[in-house]
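By written order: A, B, C and D. Residues from 1 in each chain.
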Amino acid sequence: MIANIPYLAVAGLIIIGLYTLLFKKNLIKMVIGITILESGVNLFLITLGYRMGSVAPIFTGNADNPVMSYPVPQALTLTSIVIGVAVLALMLTLVIHIYRHHGSLHVSKLGGDDQ
Amino acid sequence: MMNQRNILAAAFLTIVAVFLVFSALFMHPFGEPTSQAMDQYIIDNTVEETGANNGVTSVVFDYRGFDTLGEATVLFTAVASVVMLFRRLKK
Amino acid sequence: MNIVDMLLTHAPALTIAIPLLGAFLTPLISRVSEKGRNIFAIITVGITALFVFLMASEVLSNGPMTYVFGSTAATVQQSTVIRILFEVDALSIFMAIIGIILSFVAVVYSYAFMEKNTGLDKYYTLLLLMTTGMLGMMLTGDMFNFFVFLEITSIASAALVAFWTNKAKAVEAGFKYIVISTIGALFVLFAIALLYGQYDALNMAKIAQSLGISGFTFIDKIALVLLIAALAMKGGLAPMHMWLPDAYGRAPASISLLLVGATQASLYGLFRIVFTVYGDVISLPSISIGWILVLLGLITMLIGVIMAIIQTDFKRLIGYGAVAELGYMALAVGTGLTIVANADPNITLETAPFAMKAITGGLFHVINDALDIGLLFLVAGAVYYATKETSLNKLGGLARNMKYTTIFFIIGLLAVSGLPPFNGFASKLLIYESTYQLNPILSIVAILSSILLLAIFVKVLHSVFLGPALPKYETVREVPKSMLLAMAVIAGIIIVFGLFPQVIVTNLVEPAANALVNNSGYLQWLTGGF
Amino acid sequence: MKGMSSIVKTIANISFPIITIYGLYIIAHGHLTPGGGFQGGAIVASGLALLAVAHGTSWVESKVKEHDLSMLESLGALGFIGLAFLGLIMGGAFFSNFLADTSMLFGAIPVDGAANINTGGTLPLMNFAVGLKVIAGLFAIVLVMAIATNKEED
């Protein structure tokens, strides 16, 4: 159980992100919720690549290379973080426009208009 | 606060929470990854094949370089979108 | 001669690289000349279409094609797959053909449709990026690469949905679309991480192979459920379809056309994962994924049709029509899946031939729906271009001045509701026959919703095109030539598919269905060595 | 945003070159030390954002136009995909590292397992291209958003 603490931290982050997303009425808080959710998934990606007692995969040239953690999940997380920045920029742009149109950030403004 | 939509959302949240906690418990223990076929190969011959000290950069730009091209495209898309959405509408 | 062979070997990479190069060049070219940029975009998509058809001839003749990014050396060292690999088999080339037709028509259509708008260099850049994202999703053989291209398509289409920033509804639709797409994509990433944690592999074929070896553990079940939920949400299936009519209804018409392709790319991702990655493992459990897809399809169909009745906005109505059509695809492929992924050994493809017919019907309906719904969106765009009005109550009597658009609308209307001479009928007939054999109620509901769709679109035909000539629209003129050309291309394809369905089914849809059902072809390069 | 007090401006002017050099260092040594095109580009973009905040958007608007930034970004992106195409032509497969172990520019063979500045093959070039793209891109986002929200106030 103790060995899986990081995964429980990931579960906690994702649940907090989802809670903020589902229950908060302010648009900015929804965007924050998505960022928390995204950081939870990134944390999960990173924890997959760790080996007990390993160091970062940087080679220093001395022959006896110590045990190294996996480089692939770190590369995937790099991509995921940049995607998070891109999505965040777009969402905030749209929130600015919604604020200009409605003057308020309340989610009720987004009501599906099945008139 | 407990109107119909919130109950639905609460139910959805608990289902996802159960999924996550179970996946957390059933995952392989934190420090011992079960299989290391791909990563061990990369660690072993990063320096020979790509000539880079930094294993992550060799994965980012050489072994999985196409992902990084996709990622650079994502950033390019985001910048194009933001600039497009803030344009002046009247010509 | 070796030029064609050289191009052919690099075709998968060039299919993605050329529109991407075009997207990066567009801002530079638009500084030089506005007209030049539009032509450049059309040429870029045209060249990409050449490469897609070149690959199609290769793949349909001699089996799946693989392309490794980064080195010519075989990357299957000690049965691990290091680099990113593009796997193009009959199913992905079938979807790529749909994607490239839609984007070519969209580029030609937006030449005149978007003339009076500003910010067009970014518009064309995002259009090309959306095409790249869509094609990338369809051709890639790597899970994480699929996620990256899914994100490119989501961001580009969300921005394009919100293109008319002066309309509050369009910006809201864009925000809803990007929020739901991001959540879906994050759960796809979480499932990919779960699979990576298990098997230390990101290649779909490698994961399928290791799944086959080590069986269906609890973590794989969670990953499968997350993938199905996220991709069904991105594919517009029932419980989470609310974003689709808003996004389709508020976007410019050429973008709605591309959105149809993007949604179907997510649906392709769902089929690829359920049939190929989890192919030989999925038949173990007693619960059948097939029945879930069938029920999802039914609910989607009913919701789409019922909600379409009460719509008064032209494009939102077509959006709900698109939701209903997605229900057909899920229903058909789900019916096939109930047989393919059936636990007890005596129900197999041989004993239940209707499963193969259902999957063929479902896939044929994917291309038919893309064309029919696409044509209807182009007609709605033409009506908006001419009258700046999309609400059905205010429109009327346009047939007098816009003859061709009316003809195209009638073709689209008959094709969507599956009437004989057109392509909708060919695929829906296959679906009716096969779902009847699984359970009669399914095909009854399918036929009823087709009839309802016909009724709805006839009502639209009457309220928009026929009826008394409104004074406001006396001066309405027909839309420019390039828009008519775009609509004519799609209408032509619809008629050709409608008159000769067997030709298309035998040499395009059937190989795709076979490639979908047995994944041995997909894994062949891994097991059989490079 | 209007500019801040002169103290903040002078401190920003002093710290901006330091941030930029550090960011460029991260980009240049992407294949040796932790970091790379994205991380270094983000650092330099944050330095530029610091200037925009300190001096106010009107000053920045007079200095750099959004068009030039998108040109820079397109150039960076073209450099990156150009290298990938070169890999296709010279190295046989799209995105192949055709410069590694060929002792051309950046192509020296790493000796006894330790790479140095000159052995990265196409990696350093890709780092530069991506770094340029990220600098121009992120600063364009910051600039456009600042101008848009700035227009609202006055």
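Criterion: a contact is a pair of C-beta atoms (placed from the backbone, for glycine too) under 8 Å apart; a residue touches a chain by one contact, two chains touch by 3 or more.
Just so it is clear, the structure is predicted and the values come from calculations on it, not from any experiment.
Colleague: Sort out for me whether C-D or A-C is joined by the greater number of C-beta contact pairs.
Modeller: A-C
Colleague: Between chain A and chain C, what is the gap in Å from one C-alpha centre to the other?
Modeller: A distance of 28 Å separates the two centres.
Colleague: Roughly how many whole angstrom separate the Cα centroids of chain C and chain D?
Modeller: 36
Colleague: Calculate how many whole Å lie between the centre of chain B and the centre of chain C, each centre taken as the average of the chain's C-alpha atoms.
Modeller: 24
Colleague: Please tell me the distance, in whole Å, between the geometric centres of chain B and chain D computed from their C-alpha atoms.
Modeller: 22
Colleague: Give me the residues of chain B that touch two or more other chains.
Modeller: Correct list: 23, 27, 33, 36, 38-39, 42, 47, 53-54, 56, 58, 60, 62-71, 73-83, 85-86.
Colleague: Counting only residues that touch at least two other chains, what does the list for chain A look like?
Modeller: Chain A, residues with two or more chain partners: 14, 48, 56, 58-61, 72, 76, 78-79, 82-83, 85-87, 89-90, 93-94, 97.
Colleague: For chain D, which residues are shared contacts with two or more other chains?
Modeller: Expected reply: 33-34, 36, 38, 70, 77, 81, 84, 94-95, 97, 113-115, 138, 141, 145, 148.
Colleague: Drawing the touching chains as a network, do you get a line, a ring, a star, a complete graph or other?
Modeller: Chain contacts: complete, every pair touches.
Colleague: Which of the residues in chain A come into contact with chain B in the complex?
Modeller: Interface residues on the chain A side: 1, 3-8, 10-11, 14-15, 18-19, 22-23, 47-53, 56-61, 65, 68, 70-72, 74-76, 78-79, 82-83, 85-87, 89-90, 93-94, 97.
Colleague: Spell out the residues on chain B that touch chain C in their complex, using ranges where they run on.
Modeller: Contacts found on chain B: 19, 22-23, 26-28, 33-39, 41-42, 62-67, 69-71, 73-74, 76-78, 80-81, 83-85, 87-91.
Colleague: Show me the residue ranges of chain C that touch chain D in the complex, using the header's touch definition.
Modeller: Within the complex, chain C contacts chain D at residues 10, 13-14, 17, 20-21, 24-25, 27-28, 31, 67-72.
Colleague: Please name which positions on chain C make contact with chain B in the complex.
Modeller: Interface residues on the chain C side: 20, 23-24, 27, 69-70, 77-84, 116, 118-119, 122-123, 125-126, 129, 132-133, 136, 144-145, 148-149, 151-152, 155-156, 158-159, 162-163, 165-166, 194, 197-202, 217-219, 222, 225-226.
Colleague: Spell out the residues on chain A that touch chain C in their complex, using ranges where they run on.
Modeller: Against chain C, the touching part of chain A is residues 14, 21, 27, 30, 34, 37-38, 41, 44-45, 48, 72-73, 76, 79-80, 83, 86-87, 90-91, 94-95, 97-98, 101-102, 109-110, 112-115.
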